[in-house]
Each structure stands twice: as C-alpha cells, then as structure tokens.
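Labels for the chains are A, B, C and D, by order of writing; each one numbers its residues from 1.
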Amino acid sequence: MKTKKMLVSAVLLATCLMTAQAQRRNEIQVPDLDGYTTLKCDFHMHSVFSDGLVWPTVRVDEAYREGLDAISLTEHIEYRPHKKDIVADHNRSFDLCRKQAEKLGILLIRGSEITRSMAPGHFNAIFLADSNPLEQKEYKDAFYEAKKQGAFIFWNHPGWSAQQPDSTKWWPEHTQLYNDGCMHGIEVANGPLYMPEAIQWCLDKNLTMIGTSDIHQPIQTDYDFSKDEHRTMTFVFAKERSPEGIREALNNRRTAAYYRELVIGREDLLRPFFEKCVEIKEVSRNEKGVTLSIMNTTDLILKLKKTAHDTSLVYFRDMTLKPHTCYSVRIGFDNGIKGGDLNFEVTNFIVAPDKGLNYTLKL
Amino acid sequence: MKTKKMLVSAVLLATCLMTAQAQRRNEIQVPDLDGYTTLKCDFHMHSVFSDGLVWPTVRVDEAYREGLDAISLTEHIEYRPHKKDIVADHNRSFDLCRKQAEKLGILLIRGSEITRSMAPGHFNAIFLADSNPLEQKEYKDAFYEAKKQGAFIFWNHPGWSAQQPDSTKWWPEHTQLYNDGCMHGIEVANGPLYMPEAIQWCLDKNLTMIGTSDIHQPIQTDYDFSKDEHRTMTFVFAKERSPEGIREALNNRRTAAYYRELVIGREDLLRPFFEKCVEIKEVSRNEKGVTLSIMNTTDLILKLKKTAHDTSLVYFRDMTLKPHTCYSVRIGFDNGIKGGDLNFEVTNFIVAPDKGLNYTLKL
Amino acid sequence: MKTKKMLVSAVLLATCLMTAQAQRRNEIQVPDLDGYTTLKCDFHMHSVFSDGLVWPTVRVDEAYREGLDAISLTEHIEYRPHKKDIVADHNRSFDLCRKQAEKLGILLIRGSEITRSMAPGHFNAIFLADSNPLEQKEYKDAFYEAKKQGAFIFWNHPGWSAQQPDSTKWWPEHTQLYNDGCMHGIEVANGPLYMPEAIQWCLDKNLTMIGTSDIHQPIQTDYDFSKDEHRTMTFVFAKERSPEGIREALNNRRTAAYYRELVIGREDLLRPFFEKCVEIKEVSRNEKGVTLSIMNTTDLILKLKKTAHDTSLVYFRDMTLKPHTCYSVRIGFDNGIKGGDLNFEVTNFIVAPDKGLNYTLKL
Amino acid sequence: MKTKKMLVSAVLLATCLMTAQAQRRNEIQVPDLDGYTTLKCDFHMHSVFSDGLVWPTVRVDEAYREGLDAISLTEHIEYRPHKKDIVADHNRSFDLCRKQAEKLGILLIRGSEITRSMAPGHFNAIFLADSNPLEQKEYKDAFYEAKKQGAFIFWNHPGWSAQQPDSTKWWPEHTQLYNDGCMHGIEVANGPLYMPEAIQWCLDKNLTMIGTSDIHQPIQTDYDFSKDEHRTMTFVFAKERSPEGIREALNNRRTAAYYRELVIGREDLLRPFFEKCVEIKEVSRNEKGVTLSIMNTTDLILKLKKTAHDTSLVYFRDMTLKPHTCYSVRIGFDNGIKGGDLNFEVTNFIVAPDKGLNYTLKL
C-alpha cells in the first residue's frame, strides 16, 4: 500500500502549494528617497523552533501579504521551550523558509536571538553564516562568535519591563559590548513597546535605529489589519533591493522605525522623507492670503502642529493629513504682509525623544 | 550560569501566560432548544503535529476567542510532513493542549484523521482513548481499532475535488464501512466546501450531519472576522455542556452544520430552532391588515421568501432579517379577509439538498 | 453688527470647503474593453429635495469617495414629502450640485423620477434639459415631455414588492410605452433588489441593462464599505469619459449592472470583459499535466464552476478567485492526452436569467 | 388621479417606516455609578435646517444605532446657508424629530446654537422652551433670552482655530457672561478637537464639562465605526433616564466627556467610575508574589502607567487593558515584603490638563 499512501501525499502537497500562493499582497505605500529605495523589513520574529507559535514558513507568507521586503527569523539560542518535541539545530528555521521566500520574493536574512538575562539582556545577530556556534556558555563568547561571522548586532527591547522593571537603563555590560564592536543598533520600538531612551542612545553613539515586531503569535492575533494596523518594522533606505543593499544601509544607519503612527529616525533622513510624502500646490493667492492644496500620497498619517511664527500669517493650529487624502488649506495675510514662513512640527515624525520634525514652508 | 538561564525562562514563561490570557471571547449568539443547550463545536483541525501551521495550543486560543465550546485536534495518522523535525506520537497534540483547554474552559475531545486515498478517503475518529493504535497498514484495521475504542467516526469532505474530481460519489467501500458500524456521520460542510449530496445521505442512512473548519493555517488567514465571517462548525444540541453531553447528542443526530449563511440540519430540529431565533409581536391590526414587529435575536442572518399563499394576504416577496435587528412588517388584507396563512421559506435553513425550511405564520 | 456676522459666515464657509475636499477616493479597479473606458455610474438616487435624507451635494461627495464617474440625482416629480419645508422647483437639486461635481470631477447628469402607481410604476428620465415640465397630470404626458427633451428613459425596480406583490410582471402599459419610444432600458438591479426577469426583457426587446443604488439614506447606512460592499451601479463602456460618451453607450446598450458579487450584461460584452479580468500564464508542463498561474487583477470576485468536459482532463470543480490574488492551478492529463478544453462557467457573470458566462480555455 | 397619487405615497411611506426601524442598536457598555445611571448624550449637532447635511430625523436614527440616550439638535440661529431653499422657523428641526425620537426611545432636548464671532464665539443653549426668541441683534440679548427660558448654556469649541488662531483664550466677554449667569458649562472636547485649557476653567469656575460631536456630515463620514471609533459625547451620571434627570445632573456637574480613548471629568467621579470598570481578583499568592486577574468589563480602553512606588514591589511599567478582556498580572515581592501599594496612573482618565487619575491598589 506504500504507493497509494505516497499518492495521497502528493495530492495533498499540490493543494498546499496552491493555498500558499493564493495570497494578496498589500504594498506599503511610502516614498523612496533620492538614490535609495525604501525597503520594509522586520528583523525580529519567532516560530515553533523557539517559543513562537507558527511554522516558520508562515512568517514568509505573512511578510508577503503585509508588503514586507525582508525578514529575519531570530529564534532564541538559549530558550527553546518546544525542544522536547522539536529536534533540530539553530539553522533549521531559516532553511525551512528558503524555498517559500524565494518563491514569494521575500529577502530572507539569517539571524538568531542571543537570549540572556539583564545585563546585557536580549540581542539579535543578523547576517550570520551559521547560527549553531552562537550556543555558548558565556554570553560574551556568543557575541564574539557573531562578530567573527560579520553579523549586524542590535539590542532588543531595552525597555522590556520583565528585564528593566522601573526604567530603561544602560548597563556597564552595554558599554563593554559597544566598545568591543558588538553592538551596531538598538530597537527603538518592539511590537507594542516604544523606547524613547534608545533614540537618544542611537543619536549619541552613532547606532542604527531598529523597529521590529518580535512576533510570536500568528501575526493577526497581535495586529488588527482591518483597522489599518501594521506591525512594528524598520524602513531601510537601501541602494538596492538585496541582502547586500540592506546590510550597507544598516551599516550606514539609513533606517527609520515605523511604530503605530510614528516614524522614528534621524532628522537628515526624515526631512527629505517628509517632503516626498506630500504634494503641495498653490491653488490661488491674493492680498488676503493663499490657498494651498496638500495631498498626502502615502499610507502614513501626517500630524502637523503650528510652531512659533509671525502672527500676521494666520493658519491652522493642528492638522491631520489622513492617508491618500487631499486637503485645501487657507493661509491668511494680516497687516499687509505678502508672504512669510509657515512653521510647523510634524509631531509623529520623531527625530529625538519627545521631539517631532520641525518644518518651514516658505510662502 | 544555569540559574541565570532558568531565571530568564521563568520570566519569559510568566509573560507568555499573560499574553495567552489577554483574549476576548466573542460568544456566538444562537438560541437553545427546549431541554438542550446549543454547543458550538469544531471536530476537525490540524497543528504542526500533522500538516497544520500552528502550535496545538493556538487552536485552543482560537476556539476561546471565537466562542466555541468544544474542539478536537485531528492530526493525520498517515500524513505527517513535519516528522523530520517533530518527533512525537499521535497523542502528543492532544496532551499539549489539555492545560490551556482546562484554563479557558474549552472541552477537548481526543481525535485523529484516518487519511487514505479514495475510497474510502479521509475520516475523523473522535472520542478516542488512544490515537496510536490507529496507525495500521490496512485502512480497515484503522477503522476497526477506532470502533473498538468506541469512537464516533465520520467521513470528511466527501466532495473534495482532489479525491472526487467530477462528482461527489458514494463508493462500495463506504457501504461496507457503514454496514460494519464504522460510519456515524458525514461532513456536509468543510471549510469553504459545501456538499448537498451528503445531506441526502445523512437523511437516508440516519447519519449525523457535521460541519468543520479543517483549519490548517492560523484561523484568521482563512476567515476575515472583521467581516463577520465565522468558521464552519457544528451546532450540537446537547443535554449538558460536557464531552458526554456532546457524545450523546452526536449519537442521536442532534446537530446542525453552520456554514457561511447556512444552517444545515434536520427539519425537526431547525423548525423549533428558527422559532427561537425570532420574536414576533403584533403591533396593530385593523380591517386593512396587520403590522408585525419581527426581531432577529441572533447572530444569524435569516432569509425569508414568500411561498404559495392566498393572494388576498399581501406581504413581502423576500425579506432578509439581519442579526439583532428589528423589523416592522405590514401584511395587507384584500377582498375582505381578516387573516390567513403567511407562508414562507427560510431559504438559508437547509433541511434537504436545495430546500429551505417551510414555515407558516397564522394571522 | 452686520459686518461681523458676515465675517463669521465667511470663516465657516472656508472651513466647510476644506472639509468637503478632505476625502479619499477609492478607485474601482475593473478593466476597460478595447476601444472603451469603463465608467462607473449611478443614475438613480434621492436627496432631501424629494424623499431622500441628505443634502444633494452629499451625493457628489459619496460618488467621489466611492470612485464613481457619473451620477444623476433623480428626485421624484410626484412625491415630495418635505415640500412643506423645502420650497424649490424640480431643477434645484441638480443646480445645487454643479459646483461640487465640477470641483471633484464627477459627471452630473440631469434626471428625474416619474413616480406613478403600477402600471406603469416608476421610471427615470435622464439627460433632461429641464425637469419642471415633467410635472403632468397624466403619466403619458410626463413620458412624452421627457421624450421630447431627448431623455434616456428606463423602468425602475420592476420587481418592487410594493408595486408587484407576487411576481415581476410586464403590463400592457409597458408595451405601449415601449412602442411609443418611451422606454430605453430597465433596471435589472436596484439597491438590494435583483430582477432576473428584467434581464430577459432587455435581451428580447433590445433594451439597456441598468443597475442603480436608488439610495435615500446616507450611503454608509445601506452599505458597509468596511466589508468591501459596493453600491449597486452600472458599468458603462464608453468611447470617452463625458456625458456624451455615456449617452452614446447607453443608446447602444454597452452596459453591465454591478450588483453584489454579480456582473450582469450581454454575453458579447462580458466575454471580453472577463478576459481582461484575469492574467493566465503557463508555469510548467509535462506529460502528466500543466500548471497555470491565474491572477485576478480586479476588485471583482470571479467564481468558476467546471462544466461538461473530457474527463481525461482533471481539474478543479469550483474555484473562487478573490480580488487581486494569484492562484496556482494544476490540470492533470490522464489516458495519455496532451491537452484539451478546460470548460467552466463564470457563475457570477450573468448573461441571462440563472445563466453564467461559459468559457473555454484551450490547453 | 389624485387618489392614485395618494396611494403611491402611502405605499412609499409604509416602506420608509420599515426601513427606519430596521436598525441595530449597539449599546455602549460603561458602568453606572452607585445611585446614578450613565446616560450617553450628545448636545451639539446640525441638520439641513442650519448648515448640516442630513434631514433632522437622521440624527435620531444615528443616535439609536450608536446607543445614545439623549440628543439635542442645535441649529445655528444666525447661520442658515440653506435658507433660500428651506423655509422654517428655529423650532422646526426639533419638531420634525419628535415622533421618531419617541418611537426609538431617544430623549430629545430642545436646543439652539448662538453663533457669534469671537468674543464670545459660539454657545449652545439647551433645555429651551422656544428657539425663535434667540434671534437677536445683540448677542447679549440672545443669552438673556436663553437664561430667561431657564436654558443650560455652554461655550462651544473654545479652541476652534478659526476663532482662536493661536491659543485658547478666555476673553473679558466670557467673564461677563459667566458673572451674568449665562455660562454653565464648556466643551472640553468637540468632534476631533480636544481642549485641555477648558478642563482647568471648568475646575476653577465650577462649570460642567461637556463633550459633543458637533456633527454636520452623515455621522459615518466623520467616524469609522468598523474601527471601533465613537463620536465625541458626554456621559451624564443621572438619577433617572429622563430630560429632568439629565438637567439635574448637568446642573450639578455630574458629567464626563468621552473623546477618542479619553474620559475627561472630575476626579471624584472618575475614581468610582474606574473602580466599576474593572474586576480584580487575587488568583494566587505566596512569598514570592501575588497573581491577579484583571478584567476590563467595558467598551473603554484602560491605560495604566506605574507611578512612584516601593521598588520591592515588582510589577508592570505600562499596561493597556483592552475592552472586555481579561489579564493575568503578576506582582513580585522582593526583599521579603509581603504586600504593599501598587500605584499607577490611569493615563486616559483625565482629571486635569495633562493629568490622569492616580490610583492605588493595596496588596
């Protein structure tokens, strides 16, 4: 009966592949910067091969449907609660995804999570060649191995309450890892967690800002896509859509974290990024003022708040530009002025802790 | 360093339990029948322990959130594509779920899927004592073992195109299984599949009608709950909310399959069920007619279509009663009549292939 | 104080215009036919100027947001329940919308609803020059006036239960209107109402098939856009996007009604329309069969059902192609065949009462 | 033909009433305070009788569907852009709604909006006996008339950018109105507008806090109910569900504004309100800590943030309790403590500008 059984399997397999492909991709519409393409990446997630709750290929399917370009499955090295049932080495999760990733055009980056108590806590090493040697008794040896392999290493959820119960602190161990060249970035956002302290550390120490989902559940359990929610992720401004392109951008800190309504990144990146998000046209002008049409061409919400300005220029106090929506904005001229500086803060484009992007429109 | 690592694990575990509990249960609002409670059950689903894509406990969480009362994880006996990585016997999936099921109040029924090519195709055996002995070379031996254990056995997706490419046929092998007491029910609906032929077989052969999800993906991948979709399931009209209550009801064919907008079952069950779904009040009456208020008190849609009637009674041709919505219905009296029979078919309460429930309201 | 009050008004007005523009347009993605552009049109709706419940400009805003190209506000001539409060002639509703329609790029067609009891019931006359002369004692005079103005006239909701309580009948009055050149089309779908009888009448008498919303409420009260519902409408296959383009297409019956999941139209239009809805590629082929990739490039659902065929060609029984989704389809070759005709019916492309579009794919 | 026309009207009317009733009410689930029932009220909205875009009865239907208890249609006295077409006095809007409000059980409060440029800006007067005498040349006379009629008068959107272009200021005119007994409350939230300055004014001057929608569009155009959005409204803690009950509560400042995720009100009301929102049970306790189960029994989100505390008590830093969801919360005991004060701020229960409700749970 062996032949018959194999036949059953073959039929089932054919059906499974069909199902796997019947997916709709929803592209995330955000602009490119001049000379760079904006890749949507998630470098932190789990499957049943560590403490996640889905088969690894599900992560590829989810990434495809959500319009991601690149992912890294970062199973815990030291924490594998299913190991009684799942017998495999630390590379297995990556290997199982390769075919599906290739088929759906998702860039797959090999990574692992070094999982230690505080300090130093949890770190992801991505762009690894082999995850297995990261299993080390001493945490430093795991970092040195990752560094030896040329990995890009970042600190995960520095504000995680289970490890930092009262405030988000930088420990001496972090100084040492940083000095040893074993820390290249920090998560400023992780799933539902936002860590403004980490923004400042990235600015001060020239580290790369990262946003990740750290997803364990099926993604829809944690995010309600019917409410336009999106997973926490990293925008990578890359010279090309390839693993090498991503690596070069990470090395040069050309990233922004995308967390809920916030885009978190360096001012020199978010300024041109904002400019590409809106199309502003002058509709009419007379001595009483000017009417602009402002179109938000992206999936992002843009929240503007008036800042210090010449009060002869009369305009909105706050303004929310919804995705893909066009607004007519009237700016009044008082006291005989014929123009001026329209100053505002894009309050959800975060360039430092509690600080949005300041912008001036010359009229 | 062992202590430290264990501490990490303990912290992670605490967090996981918290996450697991942070779930909202959405009760399915349908009526009970007199003397019975309506249990919402799904007796067909898979996890990574056969060809499913989630950890088994995810199925318990999903069931809790969707308002189910009972589930059965029915891993394939003969088809285990992940067996290179997952090393476990056929009972493991059930055992892994017990604790979470108990915590969330989900009734967990031990089951397995006998997975053979046609004929006889795939069958679920539920209420098993031990799944392991079902691994047999000859399919009949698997059925005999299930029968020996006192299992309730039903034929899965008889209309599955991969096994029945052109029409839904009953094979001699099914006659034999039926005669041998190895077939007690048939799926009339399986996931997106609806099989009217199976309704007739259940009526003719006194078998129990079953609806199941046969879910392999995370449930939200196949069902869009934001659009009020629900998984295909079985309503079990049980004397009590317990495994024994379910078994007694299955034995006595007190079930209905709930598939998309359809409720599929025996007329003697669906008639009182329909009556409990609506509250009808006479609002006013004079010689020109009567005004009724009809309230649909359930999560179900109710679709009414006028049937043959005395044309002196003038009323709606079609009427859709949306969930939890109240309607004012006017019935006119022509030619001096003072009442009559308001006849209609509840077109989505299926009591035979292509036949809805006929109903008469005396006015 | 007059100056001050006027200032208030001016400020309020500026705000209103801004609000009115802050709308997101959702284009309806369906294909064009060769030589024609597919315009999405709704020729039947009401405002407070008859028995509707919104100010007329709301209809323009709704049309913009829903991706419509053209609308006609068709207030009842004979039924104006708000006339105690609203004092205006029959053209007022149209005139109030002109500016907003021009601003948002919506084509506005002047129309009115001739509102009589059965027979002949309700008719819309669109492409009128002046609605006022349609107010006539005798219904025929209203039709003659509309015809004199060169209007396109169609019968509304012939299956409306309030006027046709038991079946959808054609009355002698309709024969006369038809013979008099006063009937050019019929609604085959109106809001939630579908009237297959009208399809046959259109085919037999060479009339244009129309689908309309007949909306009275704010549109979101009747349609749940979060569930991807759409208003009932007419696809017009026009030579150009202009009132003249629409008129020419209506005259030549180049329309399809879009009602729920159904597209209802003439076979010679729906066949090329279906072909433009899908992209089919051969992925691989050997002696055992062929694998196709089928992409549904539209917002429409496409439901395929196998029809009579050479059983040596083994393929799906039913297949649902969701919007913007790609499917991998395997067709098996049995008995040594090397190809054949893959026959199916597109069951939701209606070309006659209860009849979908039959299609053959040569392999 | 008059008889026939009337017949048509009667049929149409019957249909309209049916449609109007076919609505589903979604109750807003928030707790009552001891001795009081929580009424959901909106005292600021418009119809076509001023500058709104719907027929007045639509406001009643919307209120019913959204689970409101009471509304007031507050047409502008001085701003009636549709008056060329709509000829009616200032009471007409209220009168047109009475029947539908009674049928659906909505409490209807007569009101009007005094609409002046700043200062004093716009004010609502509700619980009026007759709106017509409010049409006055001098704004003070309008207020005096409202006061004479015993109205409850509140200042609308003090932070409206069109009237307060740079900051939310209190003018001398407001002092005078306040001193004259012509100001009893202030809107702290209006539609999408939140005005923390107004909270402080209410606290300092013993005024009632109000939240309103100020809706002009069909409600679904401004709020996306599929995303669980709700209109801005006022919770009124009333002794009884009646206009008198509402008036007594407004007079005694027993209100809270419900704006997006915020509940804004006096601390002495929000403290017991919060206590009724959650069910807290001790699940287990040993020397290492205690496990609580916390159930959010409401439709509200509850956002908790740890405040100053004994660090031997180890617990969450932030915690979000989603609606109708149960959480398991672990509190650790360090350094041999056996209990302590779990201190947190409910950050979305606003009791003063930028200040949430502080709460302590004794363990």
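What we mean here is this: a residue touches a chain if its C-beta (ideal position, glycine included) is under 8 Å from a C-beta of that chain, and two chains touch if they have at least 3 such contacts.
As the structure is a prediction and not an experimental result, all values here were calculated from the model.
Graph distance from chain B to chain D, where chains that touch are one step apart, equals 1. The mean-CA centres of chain A and chain C are about 42 angstrom from one another, to the nearest whole unit. Computed from the mean C-alpha positions, the centre of chain A lies at a distance of 37 Å from the centre of chain D.
Remark: chain C and chain D have CA centroids separated by 40 Å (rounded to whole angstrom). Annotation for chain D: residues touching 2 or more other chains are 14, 226-227. If the chains shown are joined wherever they touch, the resulting network links each chain directly to all the rest. Note for the complex: chain C touches chain B at residues 159, 161, 164-166, 192, 226-228, 306, 311, 314-318, 320. In the complex of the two chains, the chain D residues touching chain B come out as 14, 17-18, 21-24, 226, 293, 322-330. Taken in their complex, chain D has these residues touching chain C: 1, 4-5, 7-9, 11-16, 19, 48-49, 51-55, 57-58, 61, 78-79, 81-82, 85-88, 92, 96, 115-117, 137-138, 162-163, 216-221, 224, 226-227.
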